[in-house]
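Down below are the structures I want you to see.
Below, chain A partners chain B and then partners chain C, in two separate complexes.
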Partner chain A sequence: MIPEIGHIFLISSLVLSLVGGLGPFIFNKELPIRKMALLMFLLVFGSFITLIYSFVVDDFSVAYVAQNSNINLPIYYKFAATWGAHEGSLILWILSMNIWLLAFISFDKNRNTNFSNIVFGVCSLVIFSFLLFTIFTSNPFERILPIPPLNGADLNPSLQDFAFTVHPPLLYFGYSGLLLPFAISISAMLSGQSNKDWASSSRPWTLLACSFLTVGIGLGSWWAYYELGWGGWWFWDPVENAAFVPWLLTVALVHSLIVTENRNLFVSWSLLLSIFAFAASLLGTFLVRSGILTSVHAFALDPERGLFMLGIFSFFVLGGLAIFAFKNSTENKTSFYSLNSKEFGLLLNNVLLVVLAVSILFGTLYPLIYEAYTGGKQISVGAPYFEFIIFPFSILLGLLQGIALYLSWGSTKSFNFLTKLILESLSIFLLTLVLLFVLFDELIPASFFTIFIFSWLIVGSLLINFSFKSFNKYLDFLNRRIGVLLSHTGMALLVLGVGVVSSYSNDIELILDTGEKIEFLNKDVELLDIKDINGPNFISKTANIKVLDSGRTFNLQTEKRTYFPSGQVTTEAAIDTGIFRDFYISMGDNFKGDSWSFKLQSKPFIRWIWLGALLITLGTFISSINILRRKS
Partner chain B sequence: MNPIRKQRIYALTAIVVGSILAVYLVVSALSKNLNLFYSPTDLLNNDLSPETLIRAGGMVREGSIKRSDTSLSIEFIVTDFKNDLKIQYSGILPDLFSEKAGVVVQGYLEKEGTFRAIEVLAKHDENYMPPEVAKLMEQTE
Partner chain C sequence: MKRILNLMPLVVFGILVVVLYSFLTQENEQLESVLVDQSVPEFKLPALENPNNILSKSSVNKLPALINVWATWCIACRVEHPFLMQLKNKSTLTVYGLNYKDDRKKALDLLENEGNPFEFSIFDQQGKLAIDLGVYGAPETFFVDKEGIIRERHVGALTQKVWKEKFEKFLNEDNDV
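Moving on, here comes the complex of A and B:
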């Protein structure tokens, strides 16, 4: 009964979203959009709750529950299993879009203007298409009748983990947040809203979407690092790229909207970029869920779904572009700027980010292009391609970011800050080198570029205004610009993390017997024993390892788990975390008796990558909240 | 020159230079980093140089996994049900590696026909088959 209620909720919200989607375009009448948005949200929320309920009470007559849960699964994971696969994650996605829409309408001051009505209409149409897709190709409430299975298959063991329970919701929330800039851009073109108004109403939402995308991607990276047992933090897998490309475009949009709002420039560009960012998020969904690309993220694959997604994608993207081509009635006043202006700096920022995004997208899609072109020959484009591409772009973007905050609108009067920037960043550069030498006893030239960019960014975002004489003024500067300073500093930390971890990492694979001791990077590592441990839905072999690291002794437990009923084996890595380095041990295969193979890794500065992502998340979040507060 | 036109020229120059840089990078990166996928049958008659990094894959043949007791080296046979390919690898295998499961390896084809893998690719999900291998299976059936 309960799943049917959920199904009815879904169908009702489908009808409601269709009315909401067509209303503003057909009747030109004032719709009660607040109430409609609230009702639509409640219906989808209700259906989400019924799905959670079916998981929690082990209703295996629901096919989706039977495929993704199990009677022995701990209750917390039953709850999280709701978004563990395709169907449930779609509901979550639709729910997120509803939350965004509701938030936009609640904060919208000029209620029931033509502009807000069209934003509501476009959002409803997108929600309608996703609901249609869910109900017709991916219904999570489908029953297995007349004889339901007694027990469910299971939730993929790699997903039975804390980060998994929060990574997808946050990432979907970021992805679906790109709906608002899209709807706002379409509405601006159709209603002829003035540039300043639509850009300023789009900016807080774009920043907020960027914030959630960043934390979602960051969590995914952190999860992959400790859960997959390989110690990598980014694999250039198509699914990662499918999130990274929209992220790059969103960051570009955040910057171009500043120019549109303040200077009435790059108007068409911001409109277009809003469409592209949304398109990239849809394309990502399509690539992931149609299974046309080889990826580690396995969703249940179905060509029919792929075709449907492609339909949704084409409808909104082509529709958006057609409106852009024929209906772009936004005023195009021009203010003037010269080559040394903030405008030009932001223009370069956008060119670099967008070109980088396109190059990454191209590499991701190239296997498809190649296969079609050569008649079935299969290739893969691996990490070296993407690393080769991203390096020069990061250097250019980094150099630009360091000076960006000191450029002025129109034209920059004085470049006196440059001397200070260069001197201070050279000092930070040298200090960092000394620190690295003290920590790791060596200097690796390959990392110099990134370390210099780190220093340049730190000085450019934080230190350049620092002076002991007017410390209060400095605090005031930090306070006033807290959002932008946090996110720009976050970028600096991220760059340093990436640079150091990719050149200073060390690893070794070896076989250890119980009681055996080895030395790795001045650490004594001893395998004490191997124990059998029983978990709620797995059995595990747990290796207890003692490490002596410069006077400090600690024990680490790495596990090989076999989950039932699937019999799937997973590795639980043991990590000694630290601000300057992680020491990472993962268990391999069993050899004779109690001897096992292990992989030992040292991962210097890896925490800085996620710390950086966290600061970007915080910074964009704070900026967004500040703008919203100022407006209301 | 009027300022608007000047600005257009700035913008265009930035876009053109950015795109040229990208095209140059993409082309040179692609020419170095494309790894073609081969089935065991494809590898039977070929003139690949042992220095070319390639990918191969198929199903791990039952009973073909040979481990050493004292080192991390391992040998196994991958089959596409028409022909076999012997794979040598040294290192820890991914958790989802097992007999009768699909696998994709990256590495070099040695002169005598064995494949020296430098990477055995892992997937999140045991029910998941790498598309290359799935396609191979379809063609054989």
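Moving on, here comes the complex of A and C:
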């Protein structure tokens, strides 16, 4: 009965979103958009709750529950299994879009103007199309009747994990947040809202979407690091790229909107970028859900769903671009700015980010294109291509970001800051090298570039305006610009983390018998024993390992788990975390008797990558909240 | 001029949509028209373990068997590796590896460290046999029945679930005969 109620909620929200979507365009009527947005949200929320309920009470007559849960699954994971696969993810996605819409309407001060009505209409249409997609191709409320299974098939074991349970909701929230910039851009073109108005209305939401995308991607990377058992933090997997491309475009949009709002420039560019960012998030969904690209992210592969997604993509993206080509009523003036202005700096930033995004998208799609036009020949584009591409872009973007905050609108009067910037960055650079030498006893030239960029960024974002004499003034500056300073500092830490971990990492693979001792990077590592341990829904071989590291002794447990409903095997890595290095042990396969293979890795500075991502998340979040507060 | 420029994004994305559409429809044809119900194609390729040992169709002789396309650069292959090890330990079914566009040393290292689930691996650096098999990407798994006929194909990682749904039935069928 409960699942049917959820189903009815879903269908009611479908009808409501269609009315809301057509209202502003066809009836040309003033709709009670606040109430409608609230009602739509409540209906989808209700249906989400009923789905959670079906999971929690083990209602295996619901096909989706039977496929993704199990009686023995711990209650917390039953709850999280709701979004463990395609159908539930979609509901969550639609729910997020509703939350964004509701938030926009609540903060909107142009209430019931043509502008807000069209934003509401576009959002409702997108929500309608996703609801249609869900109900017709991916309905989570379908029943297995008359004889339901007694037990479910289980949630994919590698997804039974804390980071996983929060990674998808946050990422979806970020992805779906790009709906607002898109809707605002369409509405700006149709209603002819002034550029300052629509750009300032779009900026906080773009920042917020960026914040959620960053934390979602960061959590995904962290999860892959400790859960998959390889110690990697980024794989250039198509699904990762599908999130990275929208992120890059969103970052570009965050910057170009500043120019549109303050200088009435880059108008068409910001409009287009809003459409592109949304298109990239839809395209990502399409690539992942259609199964065109195979990857570690095991999702449902279904060509019918692919066609449906492609339909949604074409309708909104081509529709948006057609409006841009024929119905664009925003005011577009040209004015001059010099090559040393903030405008030009932000232009370069945008060009670099967008070209990088397109290159990564191209690398992701290229295997498909190659195959289609060579009659089925295969090619794989892997990490070397992406690393080769991203390196020069990061250097250029980094150099630019370091001076960004010193530039002024129109033209920058003096470049005297450069001497100070260069000298201070060089000192930080040398200090960092000394620190690395003290920590790891060696200097690796390959990392010098990234370490210099790190120093340049730290100086460019934190030490700007710094002086002991007017320290209070400096604190005031920090306070005023806290959002941008945090995100830019986050970028610096991330760059350092990537640079150090990719050149200072060490690993060794070996076979250990119980009681055997070895030495790895001045650490004594001893395999104490291997025990059989029974978990709630798995059995595990747990290796207990003692490590003696410069006077400190600690024990680590790494596991090979076999989850019994599915028989799937996962590796639980043992990680001794540290701000300067992680020590990472993962268990391989059994050889004979009690000897197992192990992989030992040292991952210096890897935490800085996620710390950086966290600062970017915080920074963009704070900026967004500050703008929203100022407005209301 | 301005007008044409404004049309550009629409044109570019229009082309993208057409290309994506062609992938979708093309992929379906391809996946259905592979060598299912045909015999394993002829080949002459070295063994991964020993470059001097040239293998051919007749080397694949412990039937029924699985042919698993794998490579060290393929992440999903690592995901399915533990399952292949389980198959090796639990079942009598032979698994042949087709090492696809890989580096011999890296591949051998991986098998040494993570265990070798394969009877032997065919070293297909240029992807010759893979093309004949219509391989779409690694990992991919084919079931060959005891007459040497390919009966089923799976693109993507081989898991317990896939095994149950697509492959297990063939073993029972074989026992019946």
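In the analysis below, the second predicted complex is superposed on the first by the 629 of 632 C-alpha atoms of A that agree within 3 Å, B and C clash if a C-alpha of one lies under 4 Å from a C-alpha of the other, contacts with A are read in each partner's own complex, and residues count from 1 in each chain.
FYI, a contact is a pair of C-beta atoms (placed from the backbone, for glycine too) under 8 Å apart; a residue touches a chain by one contact, two chains touch by 3 or more.
Note that the coordinates shown come from a computational prediction; the quantities given were computed from them, not determined experimentally.
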item: Clash-or-fit label for the pair chain B, chain C on chain A; value: clash
item: Partner chain in contact with A:Asp589 - chain B first, chain C second, else both or neither; value: both
item: Partner chain in contact with A:Phe235 - chain B first, chain C second, else both or neither; value: second
item: Partner chain in contact with A:Val358 - chain B first, chain C second, else both or neither; value: first
item: Partner chain in contact with A:Gln568 - chain B first, chain C second, else both or neither; value: both
item: Partner chain in contact with A:Pro392 - chain B first, chain C second, else both or neither; value: first
item: Touching partner for A:Leu339 - first (chain B), second (chain C), both, neither; value: first
item: Which superposed partner A:Ala322 touches (first chain B, second chain C, both, neither); value: second
item: Touched partner set for A:Ser597, first chain B, second chain C, both or neither; value: both
item: First (chain B), second (chain C), both or neither touched by A:Leu272; value: second
item: Colliding stretch - chain C into chain B, listed as 5-13, 113-121 or 167-175; value: 113-121
item: Shared chain A contacts, counted only where both chain B and chain C touch the same residue; value: 230, 292, 294, 296, 298, 377-378, 380, 382, 509, 566, 568-569, 588-589, 591, 597, 599
item: Chain B contact footprint on chain A (complex, rising order); value: 156, 158, 228-230, 291-294, 296-298, 334, 336-337, 339, 344, 347-348, 351-352, 355-356, 358-359, 362-363, 366, 370, 377-382, 384-385, 388-389, 392, 509-511, 566, 568-571, 586, 588-589, 591-592, 597, 599
item: Complex contact set, residues of chain A against chain C; value: 153, 230, 235, 237, 268, 272, 275, 279, 286, 290, 292, 294-296, 298, 301, 303, 306-307, 310, 313-314, 317-318, 321-322, 324-325, 328, 367-369, 372, 376-378, 380, 382, 509, 566-569, 588-591, 597, 599
item: For the chain B and chain A complex, residues of the former touching the latter; value: 3-4, 7, 10-11, 14-15, 18-19, 21-22, 25-26, 28-30, 32-37, 55, 67, 69-72, 91-93, 95-96, 106, 122-128, 130-132, 135
item: Residues of chain C that touch chain A when the two form their complex; value: 3, 6-7, 9-10, 13-14, 17, 19-24, 26-28, 30, 73-76, 78-79, 82-83, 85-86, 101, 109, 113-115, 127, 130-131, 134-137, 155-157, 159-161
